[in-house]
């Protein structure tokens, strides 16, 4: 299987990409064929990503399943793929969410072909980012993952009327796109600086991650450019105060896109901070960690408090994402093995959790055509499975033990308490705030007597239930049995922590 | 004549001959047959393209003591111009058929301008470069005012010709000062004089400055740019495409050789200036483009912005930067041709060039909308289109030359540009169509668009063959790596 | 002994087993739950036998390892754990049997049993956990299950709200607890309870950290055990099915807090300031519960406030260094309170009514229920020689010894009130003439009466366990605190407390049965007191105000800030200013050729000047 | 000395007439002033021993350009003919002109190359050079002239292009007139 | 007569022409002003050819080209101006501003 191992990452990235392109040739009049093909692709990629995750040799560590193709030798860029423990886990996450996303998009009626083409391109971009060991291609895929968002939200999204003001899908799509690209402006500048400086140190130009890892950047350089990466990637990770694209964007997006975006894409940002920022610029990371962890704390509290006041179902979820990404950022900011492990697991578990949230919110919105919490009452009676799954996601988000969110958050807390106990305490309080808004929502919208308006609602379809089941299964699996995934993640985190400690 | 080998000018001669042939054929043919002229021109150009590549491949020589250079650089650009010409000829077909009685005149003038462009890339001397530039410019003045009864076209013509003459005067005065300072006009003589310069040779400095101003006008660099939007808007659409792509590539070919072979020794004196011009140009272009409602005007400002990026390559002058600049030219050209051909295809059907007219295009013609979206994303520098790769390369090269701040400004600018490109995409994909009738394209248009889309993707995904060719071309103007090679 | 983990495991497995494949079995597989807990109860005896033979034991497996942090899943068995295991399995089992009949007509029958199982499993895990992290995990699951069970009738708005309130309120305490655990972890690097205790006793933890940590952990305990000011959720938790109340009040949930303090008792002892807080909170809670129990009109609410009051007793005892007394009181209280709730359930089953003003004379229709309830009430009132009498006396002794006279006086007041409200609720419900509305009241089926009777018997007899009955057994408290003295009566205290209990009962009888004293008259006499009591000391009002005016307002403010300042001003403003600068900039393209030419000329001059300057520079 | 006097005279004429071109309000006068300037410049050429250039100057400018200019003037708006106004940015134009003059003057004064004695080129040498080394640019220049003539013809000729109703392909007639 | 005089004459004429381009409204007059500027170029070229260039020829060759192309340019520009006049009835460049911004 060695040969297969070397090509699996390429396959994983290329399959959705070319699948998407192939989908262009399908006749628009055969939506079933299009969906089935998409499902086939996402199922196969789920299998492949599971293979990557399971066959990753955690005892050996390091980058595995490596493959390299020269691309532009004159500037030292090559298509260099490989995964370590962190990216192996996140690859799996992408596989799961993409699969579930396909299932919940089954009934999409408006221009399904175009939708799935863009959807697959998005998926491909995410796989590519996680698998890239070359900064140019990292950036390439990173942008590729952002690119389809504009159309996906702009065309298939929904506008929200708050009566006092309006958030149109066009506005949200535009803001999201410009914001994320604005973040990548900083990233790009930092990458170029690292390329130039690293090239001087190495004596040859290279965008290769492993090459640049051995280029020793001066402390001043690192301190200068780490914030570029931190803020640049932070934008995608929802770093306060650069987060406002996220609620509007997530709310406006169609269900599957919200799932993928909040579930996976935001993780790209955190992954970028970790992989490029912290691993390549450890001294810079050390100098800026207090800022990162501080902003992360603001994220946690600010997002949670904002979520309390939201009336729209998806806005609650969206602000909860802001809040939960705060834990990821805090975990990264601890520079501590436990914290970074927790942050990575939090990426994973928040990805699953928020995908579940959005999937179920999508089911509700699909049936009820409104998302205003105040008009819902007693939905649990008519939609027990949907509501149950939503509640599971809610419980995971408030850090209930037994679901993976707890393990992740707990690790972050442990890390934070080691470094900044006060912030750690605030983060724990954030978890209590989560309970407040989630339970308020559940109590208001799902429980209570069934309103007559909602007597005609139907529960989730089998496919939607399937999606929910897959997601819940992983929430519970890593909640009850985190040992395996933590081992894999830790094999990736350990070298980073070592670099942080020695740098 | 000693040391002269006219054989090496076969491509230029052939294009000239083709131009005369087209003129003559137009006069001899009856009206319905004249529709064939587009094919004759295109086929001729393709033939010359093949011939040029086969015949001149690997030659490296100069004619007339360095007045002309027959090297990989000029070969690369000759081939480049021929490709551009083919696309422009093909995309003009419908315009010509609809509005012109004598297509031969149009194609003939177009072909003459190609000769001018090829000579610009080959010129190693200021006067020759000037004459070649005027051949191109005159053709463009004529083409810009080709819609004789359109007030906007007239206006474009008069502004273009008067300002062009004005800037030519500045350029010529600069040449005269350089001549006075150096006693010669060859690029290498200038370089020699600059290298041997002790203290300040004010005549040379002012001369270079005026040359820069004159050529700055041709590429529409700020503050010499204000003609561009008006001319773009006023000129017939295929001509706008040609001005946007062809004249700019040619002017940069000239600039690149002039700077690399002539001005390079004084790089410390002009680097920051060019960098500042680049920053000013891209920022102005992008900011003003934000407010446009006409697609041609939007693209005019957008191409001003792109000139800013291109000037970065000049400011960062080095083999790497020059490779980046030429790669950017390739990406810019193929992308801009795509976007213009899309606009032309739309205009041919609808007769509208307002952005708002594009609303709902995705529903009316998914292919056209897709092609246009690809072009716009590419212009914005998003992956996996040409724009991403070429920007990344050029910006990297700029950063390498110690101009990271400039690259930063450029990257920020490409963010600003994304906004207005998205506005167009929004019209096409999100806004509903005012008249939802399907929009069908003639097959040649579809074929042309397909080729261009493939080109945009090719440069974006697998740029290596192009880069290899460009590196060969770059070696010709950087003999022995005059500047430090990274 | 290693089998101990089976006890929670069986119930834990019952949860998914009922939910997933269970739907194919008769009655939705609900019978798996009682089977599982019965299994647990059987294993308990094996464990007990082992324990008596070998003493304390524990073992664990690694659960998670990341960097230097290693978390293990382990169990630890000591007398406290064994006692709790017994109580929990036994009471849970009885309640499940009872529920089988009580819940028979519910649509979500199997769901109820599934969650019930999980509840028991969580509580048992909590009891067995050898480290704080796992204790916390089980702790949270207990909270979840109580949430699910309290919200069982989620169609009722009040049930939904009550469930939310219970979860959120306890969660707030849990936050403190988690912070406390993490603080201790930061100080010691371990979650292991024995290690922590050892370090605390040997001064291995800095005083500040220990005090802060223990205080925060106590916040968690206070939340779960409904101590002031976290007590508000408990009365509302009555919205769940009555057997659930029995479970929560007797064997699980509320005793978790007491158990936690007991589990960490040596560590608490090492932080005397925290102990004082524990005692004070316990005292306040005890009085608060007792006074409110006196004015409630809902049968279950009276019992709920009585629970609060008794939990206060337990905390008070713990705070007075009386570990044995507290646990013994918990033990006794578990049986009595479970039985009282089951009886209340029986009442509601027979009459569909729980408002004591509408009940009365039920002993004529429901004699068994009446008997059980009365026994339980008397036991809790501390009438000798029922179980409550023993536990109360041990408790009083502990308070006297640990906290002195003032605390004792208040404790006695509480004991008196306890007797008073118990007599009130019993007399009003079961005695006196049968109300006309209750003509159709009927006795409950045997499946319900059986567990009640068993518990009634226990409520009568378990008190004697306090006494050193056989050699080698130094009484209940002595088992827990082997170093302490065996239990003995302080005669004056016994007498005093018995008199007070009797006085309370008598007063109740005078007021509510004989009508010799008018409750209304008392009320009219002290309108302010009346108002305060009926408003439940305004605690709920204050909370509601805080939620409405602090939390929600803060939420709205932040949301508005986010929209108006961060988004509309910061983001849109930045975008708009770019576009605006474009608008401003574009006027330079005037359309006038002369201007264009001027631009070119000025540009040329500027380029020349700049280049010249750069050359000379 | 004589040359200096002649140069001064001619320079004064060049500048005076040049100012006349840009300052006079009568278009016809401007054309005449231009003619004067051109001839005076030709005189300067003679002083600089470039007789052939002087000849070219008089023939091409004096002949061709001025005639074309006058021809064009005939066609321009009659009422403006004698009273053209300048545009409002005149003050700025003065500043710009002075600025460029200042830069140039400074450049001329600062850079003083070693000057050889004044010497003219032989006409023979000029012709030889022009048709050997500069043959290609010369040919290109002829192409430029051709293009200019052709363009002038194309643009200035009267008559309309093909009417829209004669479109062969029957496409929907686009609006906008084919810009 | 010295080189400097020629240079200054050329510079002055160039500045005058430049002023004319910037200040004139009539397109034909603008064109005339440009011709002045080109003449200034030629004075310079001839001057340098006469005083500096050892070959003496290059400047004159350049000047011939300049004159040729200037003539062609004038012709073409006039044709365009004529066209504008026919269509718009004016040659005032200040009035030719259909397109702006």
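By letter and in written order, the chains are A, B, C, D and E; residue numbering begins at 1 in each of them.
The rule we apply is simple: a residue touches a chain if its C-beta (ideal position, glycine included) is under 8 Å from a C-beta of that chain, and two chains touch if they have at least 3 such contacts.
The structure presented is a predicted model; accordingly, all values stated were derived computationally and were not measured.
Student: Where each step is a move between two chains that touch, what is the least number of such steps from chain A to chain D?
Tutor: Minimal hop count between chain A and chain D: 2.
Student: Which chains sit in contact with both members of the pair chain A and chain B?
Tutor: In this structure, the chains that contact chain B and also chain A are C.
Student: According to the touch definition, list the chains common to the neighbour sets of chain B and chain D.
Tutor: C, E
Student: Taking each chain's centre as the mean of its Cα atoms, which chain lies farthest from chain C?
Tutor: D
Student: Report the chain ID whose CA centroid sits closest to the centroid of the full protein CA set.
Tutor: The chain sitting closest to the overall C-alpha centre is A.
Student: Write down the chain pair with more C-beta contact pairs when C-D is set against B-E.
Tutor: Most C-beta pairs in contact, of the two: B-E.
Student: Taking each chain's centre as its mean C-alpha position, how far apart are chain C and chain E in Å?
Tutor: 96
Student: Taking each chain's centre as its mean C-alpha position, how far apart are chain D and chain E in Å?
Tutor: Once rounded, the distance between the two centres reads 4 Å.
Student: Centroid of chain B to centroid of chain C, CA atoms only: how many Å?
Tutor: 77
Student: Averaged over CA atoms, how far is the centre of chain A from the centre of chain C? Could you give it in whole Å?
Tutor: The mean C-alpha positions of chain A and chain C differ by 37 Å.
Student: So which stretches of chain B touch two or more other chains?
Tutor: If we look for residues of chain B contacting two or more partner chains, we find 127, 131, 134, 138, 141-142, 145, 148-149, 152, 157-159, 162, 166, 170, 177, 180, 200, 202, 205-206, 229-230, 233-234, 288, 291, 419.
Student: What residues in chain D touch two or more of the other chains?
Tutor: 87, 89, 92-93, 96, 100, 103-104, 107-108, 113, 134, 137, 141, 144, 147-148, 151, 155
Student: Of all residues in chain C, which are in touch with two or more distinct other chains?
Tutor: 575, 586, 589, 591-595, 597-598, 601-602, 604, 608, 612
Student: Of all possible chain pairs, which ones touch?
Tutor: Result for touching pairs of chains: A-B, A-C, B-C, B-D, B-E, C-D, C-E, D-E.
Student: Would you tell me which residues of chain C are touching chain B in their complex?
Tutor: 575, 578-579, 581-583, 585-586, 588-589, 591, 593, 595-597, 599-604, 606-608, 610-612, 614-616
Student: Which bits of chain B are touching chain A when the two form their complex?
Tutor: 320, 323, 362, 366, 373, 377, 382-384, 388, 392-393, 395-397, 399-400, 404, 407-408, 411-412, 414-415, 418-419, 422, 425-426, 429-430, 463-464, 467, 471, 486
Student: Residue numbers of chain C touching chain E in their complex, please.
Tutor: Residues of chain C touching chain E: 586-587, 589-594, 597-598, 601.
Student: Could you pull out which chain C residues touch chain D in their complex?
Tutor: Result: residues 592, 594-595, 598, 601-602, 604-605, 608-609, 612 of chain C touch chain D.
Student: So in the complex, the part of chain A that touches chain C is made up of which residues?
Tutor: Against chain C, chain A makes touches at 165, 175, 178-179, 241, 244-245, 247-248, 302, 305-310, 336-338, 340-342, 378, 380-381, 395, 398-402, 406-407, 410-411, 413-414, 417-418, 421, 424-425, 428-429, 431-432, 435-437, 439-440, 442-443, 446-450, 482-483, 486-487, 489-490, 493-494, 497.
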